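Chain IDs A, B, C and D follow the sequence of writing; residue 1 opens each chain.
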């Protein structure tokens, strides 16, 4: 089968590989809409090590083409939403509970573009179909569902780790697609003042639509100072959804005593972050620091689809670019890589989705 | 000074009492708007024991007329929002943390119409002014603020105790003023399907405006069966905001395994509730039961006002009747007692609020 | 194969059944030591419905005799500790997190003597071997390990649900084998005053050895009054590990405001418990009620074995009677049923355990 | 009155100051036993800024000599245990709940040697006596009680922030007096393997007595590597109770995915800590970082005294040196500063404690 991916670091292209096999509890899915993500281009550029001959992509909705003998809830032809994190539920890490992200090793529940080929192919493999796949919920479009599998799940997880409570002042650092979801997720938890940090006009627009009350930009001065002035000394909760080596220090400095910094940002393995003790309150003022990535499993996606359905949250607002046709995965990934100023999130319709959302 | 209250059980009227004294950390406040509550009429009818010669009322915004020598943050003339629960912060119960409701004894932080006279008087006393009073937040009307001091705080506490999470199916039993706030509070926490149980048309209307997706009425059959059918076997979280001896049994039966029942209902001391083990899953299925009343202190109210200000939540939607003039407290309380079909919540403007919200 | 069980309600005996089959992720185990439990006799007497032709027993350590093709961590010959709760990890209930007890339906992770035959047979089936079985830890005897699979796990879960904190006053109602484990578990969490309620001398003796500071007996008066006097009005945490229809009411009356009642007791489906609102503080004083049964999975057992190994907790102190030989399962179960005054917990060695603990 | 303290940074000596005044809710106490702490010498050396003319010391048990008019629970002559953290309970930071350490500003509940003179004087002032002082519990010696006010409370708080659960593998970095208490506190929470990092023989001895199962020393190689080898890749929980700029990086590297690092260490305001993203799992593996100092208030101390009384935990084992007489505070503080190899914790008996513990 064909798939778009990387021959090696910084060497992308169309790969020809064997169609994956299907274990007794597993499924084979063909994608119907996929969305490239900065994690894909990050992998392409070597950010997760020297991967070779690997199909990219980890955000998809699709149609089941084969299921293992033990699968009970799905059959070929079913339209399914595929979490980007698909745990091996028999791994003992599951039993530690935290977000089911670390099944047999740290970060192990993230299979696509990691221990398995990605979804930008004619077919892809999903472990433990009954626990990882889910049907599209009524009242939710395929595009909205597609945005749950990583963007919304990750952004909302930032809000959950930050433990946003009624009336809390919340800062979201970075208002790309994940940060925008954190903004929307914080509004949906009853945050009070909700400050997004970013500059790009279309991101700012969506941030405000999702509930941001203030936008802070580095173009108008030091962002820490701006936030500290707006908040009278620091926010209750700060969510990191982007940034470089100084971002943790900045986040800590924006956080009040007893507050929480929650990061869903992927940091480069070679980096050492700045960590000034003063911003941390000398380790004395109960500023918690939490971090993690997108939780795994079907129930997570079902819950998020219920938020879309019943709260009217439109997760597809972050889709800024649309491509049509299997071959366009290449263009979409290149767009993702180029990070044009108007880009938030591209999607690629593989076909016309006959009946998918019906 | 004059105040409206009870000479004895079921014997209401205008009382003449000494103006309360002011301790070194305390304040004396004159009310500007008050709201009678079913707890007031409940007390009048003996529901909290044989009270005598007690001024009623515990929901007020007002103006400070005197402060103790140690008070730092308030001065005479300040317009203030007064939590209905005003803890003695030096009571050791505070240090146990849970909602600051039990300062020196169970339920002890609730002072008005309990250990002190209520707010339906020319003046009332507030212990520990710096920790219990708060200024009106910008962007919040006095009426909205008045609704925070008990209704919104109590209803939202039901949601907090229930630990409503993204996409949870939530049932609110009883859509009087507190239940309506629980509906609004659950929507503001990102609930999924959100079912209100009630019948009165204007309550149903506000419930839908606050985010209820379904209304269930006992007029259309057994409410437990209706909820179980709508939810496929039980809701994640059930909040009790009204009901009689069977309400806990019904709530448990509506709750799925691993779900939570949270009650903010005041139960009569003489009652024994039905508690069928079957509805409780034989004590084996992790249905938690939590209960409590309105949390105390100024920060609580500040947080709720921030929800109003920044999330656009209009807490004044539950105000169904308006009276004007000090003398009208009597009519308002009688209305509260009569529970006319169109009643949700009455308020009494003592005067014209010159500059109050400015 | 042979197994001891029930032909029908109140009709026990030796059953001849097919040896169970082994799925791709599963294992077949032969027991080496088993322990009958009151849940077995409870089932025999119809307490979990009209079961027929079912082998009893759910507490065992044993030897693997067969594994499915996908099992990675176990092979025939391995000596294993078998949790009494063995979830189907692909059930969506797992993803709700709470103790992994409700995999595909309420209470569903409890397979033995429920949806599958029990362990008192020549062979028994274990679903998802890699996630449910565990090897015996170094420094732990097979007998101690056997006591982890239900008794210690359940009793300790009572302590966990009660959220026992440093210095908390804790009451354990019922000091049979599970209650004794709750006593030991509370001591191991740093409880302060620790009150066991019971009368049987050998249970009292073990309770004191496990850390009880006081023993209260119904023979010396009303237990609620005794506890309230000892605790100055109520304990912080009360754990129910036995009792009838009045036990929840008693537990609530023994609990102080902001305290927690946690039950690991199995209540009869036909019962309605007493639930006086006064004991519950009228629903106003934040007395939480939690309940559930033994958590599932291998990690749980590994953690408990580490408590035994590193804290020197001897879980085998509750073993009061020892039988030897497969045939003696019948006598052991009858002893369990007779509840002789000196009984705490019987075990049956199937054979001589050659090398089991080596 | 006289007191031992600092004229200015690095300039210690005996100060003559006015006896402090007593507010209406406050008390004046004369110390009976005091314990110098490294925070005192740290302040002396300028670690908390350019303090001048300040009496040192923040750990004391003593006798009440005066109380304000509103104090209900204490009278002159009462022997009292004085938490080192004595919040102003009317500060709004209290209402945020976390450990009551930040009353009106970050770190504000820590009054002694910060916003008020310390306890190494003839008299010292305690704000809000009813909420901050406590009587000595029966069965607890004055020396044991003295060790609760900072050492035990702080060390145990490390364990609480780390959320140590049954069977968790725990590392305590630094086995000085606070670290030793963290070791004891972890054992009292049912930790599994419990590794102390340190070298001094008498500290190692007490660590083992308090429940450490392993001692790791930098003298035998890289401590991170040693811990990772002992724990098979990382501990569940790591508590920092000492260390320099690299200690957070080391702690993170010792922690497994989904684990927690909890610090009770005071870091120098001028420092920037090493924070390699690799040790943090690139921000992807749910390693939480928490930090804070000793919680405040009387209930905390009462709970800890109950642990001593009912669990037989001897907090006085860390007392390595004893001085007698008011004048010896100077020697004790110098000893604290010299950090002799055999030092754990010195105490100074001001007098003969007639009847103190009676």
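Remarks
Here is the rule we go by: a residue touches a chain if its C-beta (ideal position, glycine included) is under 8 Å from a C-beta of that chain, and two chains touch if they have at least 3 such contacts.
Since this is a predicted model, take the numbers as computed values, not measurements.
Shared contact partners of chain B and chain C, listed by label: A, D. Of the two interfaces, A-C and A-D, the higher number of touching C-beta pairs belongs to A-D. Chain centres here are Cα averages; for chain A and chain D they lie 42 Å apart.
Looking at chain D, residues 96-97 sit in touch with two or more other chains. The residues of chain D lying in touch with chain B in their complex are 23-25, 70, 89-92, 94-97, 100, 128, 130-131, 297-300. Taken in their complex, chain D has these residues touching chain C: 156, 160, 165-169, 185, 187-194, 211, 213, 302-307, 309-311. Residues of chain A that touch chain D in their complex: 93, 96-99, 101-102, 105-107, 240, 248, 256-258, 263-278, 280-293.
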